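Across the two complexes that follow, chain A remains constant while its partner is chain B and subsequently chain C.
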Partner chain A sequence: MVYLIPEFLLVLVGAVGLVIAFAPSRPRLRAYSLVGGLTCFGGAVVAGYLAYLATTDLGAELAATAPGYLTTTLALDPFSRVFAVLSLIVCGLTFLLSKEYLETRMQDHQPELLAVIAFAAAGMSFLGSARELITIWFSIELLSVCGYVLAAFTKDDERSAEAALKYFILGTASSAFMLFGLSYVYGMTGRLDLVGIMEATAGDGIGVLLPTAAVLMLVGFGFKVAMVPFHMWCPDVYEGAPTPVTAFLSVGPKLAALAALARVFSTAFPHEVARVAWEGVLFWGALITMTLGNVVAIKQSNIKRMLAYSSIAHAGYMLVAVLVTLRSDLALSALAIYAFAYVFMNLGAFAVVTSFSNRTGSDALHSYNGLARRSPYLAWAWAFFALTLVGLPPTAGFLGKAYIIMAAWDAGATWNSPMFWLLVVLVLNSAISLAYYMGVAGRMFFKPPAHDDPVPVGGGVGTAIGLCLAGTLLMVLAAGPIIGAIQNGAVFALH
Partner chain B sequence: MSPLDTLWLVLLGPALGALINGLWPQRLRGRVTHGVIACVAAGFAFVVAILQHIALGASGQEIVRASYFTWIQAGNLTVDFALRLDPLSSVMCLTVTGVGFLIHVYSLGYMAHDRDYVRFFTNMNLFLTAMLILVTASNLPLMFVGWEGVGLCSYLLIGFWHRRESASRAGFKAFAVNRIGDAGFLVAMFWCWKVFATLEFHEIFERLELATAVDVRWITLLLFVGATGKSAQLPLYVWLPDAMEGPTPVSALIHAATMVTAGVYLVVRMHPLFHHPESAGVLVAWVGALTAIFAATIAVGQRDIKRVLAYSTVSQLGYMFLAAGIGAYVAAIFHLVTHAFFKACLFLGSGSVIHACHEEQDIMNMGGLKDKMRTTHWTFLAATLAIAGVFPLAGFFSKDEILAHAFQANRGLYVIGIACALLTAFYMGRVLFLTFYSGRRMRDQAWEKVHESPPSMTFALVVLAVLAVFGGLLGLPAGLGLPHFLAGYLAPLLPDAHGAAHMPARLELALMGISLALAIGGLFAAASLFRVRGAQGEERLRKALGGVHTLLANKWYVDEVYAAVVVSPLSRLAQAVSDRFDPRVVDGLVNGVAAAVGWGSERQTRTQTGRIRDYVLVILTGAFLLVLGLIALGR
Partner chain C sequence: MEFPILSALTYLPLVGALIILFIPRDSHEAIKATATSTSALCLALAILAWLAFDNGAGGFQLEERAEWIPQIGVSYHMGVDGISMPMVFLTCLVSLVSIAYSWIINERVKEYFALFLLLQTACVGVFVALDFFLFYIFWEISLVPLYFIIGAWGGPNREYAAIKFFLYTLVGSVLMLLAIVILYFASGVTPADRTFDIVEMIERQPTAALAPGLAMAVFVGFFVAFAIKVPCFPFHTWLPDAHVEAPTAGSVILAGILLKLGSYGMIRINMPLMPEQWALAAPWIGILAIISIIYGSLAAMAQSDLKKLIAYSSIGHMGFVTLGLAAMNVQGISGAVMQMFSHGLITSCLFLLVGVVYERAHIREIDGFGGLGKITPRYFGVFIFVALAALGLPALSGFVAELYVLLGAYASGTMNEVSAEGLAVLGTPWFAYLAILGIVLTAAYMLWTVQRVFMGERNEKWANMPDINPLELACLAPLMALTLLVGCYPAPLLKPIATASMDILAGAMGTQLR
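This part shows the complex of A and B:
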């Protein structure tokens, strides 16, 4: 049970939020966002310790004595705890960066939004450890339903309502595909746990049905990850949703779905026929996703849409790590490291956008002209996040890309192999991404501003930006322990 | 603790000095402090070099090698930061730090009024560090670090007065020409790696049998290309005369005594390769000899005191390569050491004169300085006699040893050698007499201000003059049964240590006689032309030589030929590329890619209709196609 402290904390924070929604307005929001955020960061430390614990004998003992209903549904391995750390950090950062937005842009139901984010983060954490079909399904739905609610939070805003509706309808449609695939798998194997499915499909004579089921599940996961061609919702929803929600949606569901994707497919479908199918889909999916995301991002005129396409591109990079989970010991570490880097740099970028739009109400790219004069902190922070997102050393983004490339290389990317060319495309994409990230930075530093009014930065979002900056720089230190934890623990503890 | 346990100690002083002077945030109280720091650093290195020299002799070891850390680790290539002390590097260390220390002290006075005093001493210490790395490195890459380091410092110090365009151009020229040589060094290094699979000196020498004749020929040739760049030999000598744009102590230290001898050191260091019968040794000797005579002729026609000395340096370096090329490594190193003494003395003397005459460098405008500047005059005279090869000064013994070896190796080389000796005596006599004798040709106003230099400058002059007089004792002719200390010291390392001993004493004496006669003859000719007549003598010389004199004064028009044959076609090519190829092809490609990406972006954005039914359609189509593809593949 000790292992579940992170999830308990997240649910607790959410529950408290629902209760204090009845308290008087101003002070409760400030206190809740602060205490909730701090609780999350504290929980992240605990989760980090649990990840370490999972690699030790004591941790193995704890896992062995855990109740059966727990161990059959959730994998309590280092990888799942690393993702719990990630969920808590995402939740804490979103709490901080939402505070000013809630104060300036929303009249009521402010704590509820944060509470729903906490629940969504719990779903994210569960999805990272789920090892059984029903649990996976519930985790995804917990995350998705929270997402629909979050997107609709500024009810009076037409675009928010439209975004929520789109997200809901498309999300349900893709969930249907996934459920269809899940039911096929259950029908063929009679098993719900991933290991059981793997055992049941070990022999020959499975035929084309299992890969079909796997691919149908991929449609559902692909939607969450925003893999092309299941990405169309992404820019519309990101643009319409309240900016802090967009920030959360761009990291939470995406990373959780990637973690689950890695776990489910490498555990349940490691055998020839199905494996060829999903690896093939992921190969082309990764390649097209990263390219389309980057290419289309260039022509956007709204910064949230631009970041939406950019997040599609990043999903493409991370799909490369998922693709090689069965071939390289480094793949899961690479995925985790990139996920951490992505959280810090993407939430950081969105925090800048939130902070800016809180004061100016605009998300248009041209309104960022000359920001360096109006708010040096925001402009420099953006410049730094942009460099990280591109993946330039010595930042976390570079580290993430480097590990993904190393993992793919480890998986056998020899000269002129398909994997080699995928890596070439990945590197070329980084170069393309330079154009739009630094394009915005260029606007901030070299174009004249429309007017010289300063853009003050709120305390909450300013702190979030600072934490993200620190995070992107300190990843260099964290990479070693993350790799150590994931590789020393039994990867995806099978039994 | 023996000094041999801490080989790095010799680097410590100059490195710290450069760091302190270079990074000190503000001027220390009194700028002399900076100069003193630099001098103490150089002096410390000198003391360490002496202690290491003594310890090496006492220990009886031939080579002491110390590896401090792995510098490069790539594949099966491992390069350590490793230093090595053997008799050869010890002699080099002593010369570099000893002469370096004296010139540092001299600079205290010479640079006293320069606005960039601190930068000067920083660069000087940095130079010493790099030069010491060069001579103590235990492998080729580390030596290359020193090699490039001294090149960088040379560039920085030639262009020291960077506000003067000619100085910055000269610095650039030195750098560019040196790069050509460096390319040779680099390729030689690659070749060594390919053949020997190591870059450590001692390992290369142990694995010599792995090299074929072709390998040896090319490696030695490429190494020599590197040496011609650094040591200003044909055809890459052109940068050295221009390098005289730097402050005179720089010319003395870098462009006479130490850095330019790095090429000679390289050849001697790699002597097991050069000793191979298939090596490029013969080429080295001939290039050296031709450079020696070629530069000596140019020196006859120059009027700038420092340029004469610069061409003289090129010429003397030619002697050293002549010696190294025919396998007389000890003679080469011997001449390197004595040359460091008398050429440094000459340069510092010329600096003293220039200083006194308020930046006047044309010897035609000097004259009669001997009574005004007694110390400078006496030291300059001693050094002139030494370089001319008058018995019993340093140059006599070292040059004679080279000539004796040349006589045995090849009579053609010998004839060039003695002709060059005659010219050397003549042009050095010309400088001496035009500067210090032959009545004054200065205006009264300037004449009044001429004064002897301060003691910090004359101190270095006197010490160097003494060394120039007695330096020959290091290597008395072994053929006459006299002790050759240097050869004995280098014997464990260099194969020819007793080469000249095989010559009959009578022949040895005869050769000495010829050399001495030529030296005195050259000086006498110069004296008869210039000692009394001064500028009229120059006029006579010009008439006597006729058109040849114009050729000499214009340095055989080599710079012009290079400009026409190499520089101008290259810069025209560069211009063409930058005018046509770059904007059209390169920029066109880049802009084309950007335009293509933009176009794709535009198209895709149009498919983003915002309508839910379109989006669902895409998801459906995607899923359908995936399943269809699977079934098609599965069949």
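This part shows the complex of A and C:
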């Protein structure tokens, strides 16, 4: 039971938020965002320790004492605990970076937004550990429904409403596809747990229905991950949603879905026919997703849309790690390390965008001209996050990319094999991405500002930026222990 | 434990940069003084390191080693041999000179000097890193400060030049990353066995285990990354843009140091790790080098912009480095490294001299001047000295270097004999002959430039141009003195370089015999 601390904490934080929403006084937002954020970070430390414990003998004993109804639905293995830590970090960082936005841009219902984020983070954590179809379904819906609510939160804003409606309609459609796939799997095997499905499909006699079901499920996951061609919602929703919500949506659902994708497909469908189908779809999906994301991002004029396409591209990189889960021991480490890096760098970039738009009300790229003179902190922070997102050392983004390349090569790539060319495309993509990330940095540093008014940085969002900077740097400088922890954690407990 | 002098040398500029971040924005003098003294301290440390370095011993010295990411065999490994030691010294010297010259900068001073110090850290780091992970980190960091220096303090077309520079070099280095990963997996069978350590890998020769096509792909991945940096024809097109737009000190460090990172990479990685591939490719590399030399010189001759002329002359001079490496013998490699050192000195002087005249006239058109020799006699004298050094006058460093390269190219078995099979026309030492043509062309454009700028009819527009001032002279003097010293008495420099070249060849040949 002790392993469920992250989930309990997140639900608790959310519940407290709903209660204090009725409290009348003004300082409640400040107190809630601070205490909630600290709780999450504290919880992350505890959960990190638990993730470490899970790799030890003591951890095995503890896991053995967990009640059966729990272990049949949730895999409390190190990998899921790594993603639980990540959920707490995401939630804490989002709390911090939301505070000024809520104060300046929203009149009421401020604590509720944070509370919904905490619930969504709990969904994220559950999805990372779910090992049974109903639980997977439940976690995805928890995450998604919270997402629809979050996207619509600035309800007077037409674009926010439009974004939420799009997100809702497309989201439910994709959920329907997934449910369809799940029902086929259950119908064929009579099992709900992933290991059971794997055992039931081991022999011959499984027809084309299983690959069909797998691909249908992939559609559902692909939507959450924003894999091409299921990415269409992404730029519109990211642009319309309140910026802190966009920040959360760009990491939370995506990473949880990727973790679940890796677990579900490598556990339930490791056998020939279905495996060929999903690996084939993922191969082309990853390739097209990263390339399309990067190429289209170059042409954007709104920074939130640009970051939306950039997040599509990053999903493409991470799909490569998912693709090789059955082929390389490094794949899960690569996915986890990239996920950590991605949280820090992407939330950091969105924190800069949030902070800027709090003061200027603009997300247009040209409004960033000359920012280096108006706010050196924001400009340098952006430059740093941009370099990380490109994957330049000595930052976490580089480490993540290096690990993905290593995992993919370890998966048995040879000269002139498809994997070889996928990797060439991957590394060239990071060069392409330089154009738009550094294009914004170029605006900040090389172009004259329209006027010289300073852009002050709020305390909460400033702290969030600082934490993200520290996270991206520390992951490389203290790489030994951190990678050790993640790499130990990146294993599935299959049985 | 011994004092980790290489780490100190690498991170001292970074510390200086961090100190600068805490100095108030407007106290320009304090910032400049901090940067200059940090850089001077680095030069002193570099000299100390060289004194502690045994020139005749060979192998890697002053090594530092620590665990970093043991899970994947990454270690913190630094060390210098007879090739990297002079390069470290050159980096510290040229950085100090650029920073001293940059006292004329008065715009966004804080960022400027912090970036320059960061650049110095990156460059020294590349020369001392002996682990692929570390090497790659410094290699990539070196791109960032220069991007900002060109983009923020450069000329009118600076944004285009900055992003072009960054993109070109990044495309090369991401391919290198892929090649590094492939080598890593070839370096051992089990995960615990694999390593990113460069020295360890040279001993294991992981390319021998790879399929021929893949080994060549790895070789090309590294070579293209380095050739873009050198820059070797046809990867050179970013260089003139970057140089023309960069501020003077940026050009100095770009030409003086950053280009050497490319050729250093070829020596440190391509040649000892992939000797068979290098031997196969040598004639083709030689051809690229010859094209660089002749094309660079001809293009320099055609320029009307003084800075662009120097930029193209760099392409030509760096062609000699590539040619020496392609020769794959002791004379060739030694000559190449000598040329790296000598070009670092001479081209830094040339860009400083262009900066001097541009500060005064705000134009760089060669034909816009004329008769400057009478107006600014001291400047004329210095320019003549440097121009003669650039065209390879005996008793100056360029001559020694180019002579060794030519000897190497003439005697090279890899280039001339291997090419006899593949390319019948090249059976004789054509490489050496053609390179000599390059020297003649260099003499032609250098002397023609001197003639057009300093001789002829006096252009009254510049009648009141002040002569070179003491700061500028102080920046130029150490570089010129070293040019002369190396030219007259090259032995102290040649000894470590030749020893290290033999080490590299021994490693490479040993595997060919095996």
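By definition in this document, the second predicted complex is superposed on the first by the 480 of 495 C-alpha atoms of A that agree within 3 Å, B and C clash if a C-alpha of one lies under 4 Å from a C-alpha of the other, contacts with A are read in each partner's own complex, and residues count from 1 in each chain.
By definition in this document, a contact is a pair of C-beta atoms (placed from the backbone, for glycine too) under 8 Å apart; a residue touches a chain by one contact, two chains touch by 3 or more.
Everything numeric in this text was worked out from a predicted model, so none of it was measured.
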Fit-or-clash call for chain B and chain C when the two complexes are aligned on chain A: clash
Which of chain B and chain C A:479 touches, first, second, both or neither: second
First, second, both or neither for A:435, with chain B first and chain C second: both
First (chain B), second (chain C), both or neither touched by A:487: second
Which of chain B and chain C A:232 touches, first, second, both or neither: first
Partner chain(s) touched by A:295 [first = chain B, second = chain C, both, neither]: first
Touched partner set for A:446, first chain B, second chain C, both or neither: second
Touched partner set for A:393, first chain B, second chain C, both or neither: second
Chain B versus chain C as contact partner of A:38, first or second or both or neither: neither
First (chain B), second (chain C), both or neither touched by A:215: first
Chain B clash site on chain C (candidates 6-14, 24-32 or 42-50): 42-50
Overlap of the chain B and chain C footprints on chain A, listed as residue numbers: 435
Footprint of chain A on chain C - complex, ascending: 67-72, 74, 111, 136-137, 140-141, 143-144, 147-148, 151-152, 158-159, 162-163, 166-167, 170-171, 174-175, 177-178, 181-182, 184-185, 191, 210-211, 213-214, 217
Contact footprint of chain C on chain A as seen in their complex: 329, 372, 383, 387, 390-394, 398, 401-402, 405-406, 409-410, 414-416, 423-424, 427-428, 430-431, 434-435, 438-439, 442, 445-447, 476, 479-480, 483-484, 487
Touching residues (chain side chain B, partner chain A) in the complex: 594, 597-598, 600-602, 604-605, 608, 610, 612, 614-616, 618-619, 621-623, 626-627, 630-631, 633-634
Interfacial residue positions of chain A with respect to chain B in the complex: 165-166, 169-170, 173-174, 177, 207-208, 211-212, 215-216, 218-219, 223, 229-230, 232-233, 235-236, 273, 277, 281, 292, 295-300, 432, 435
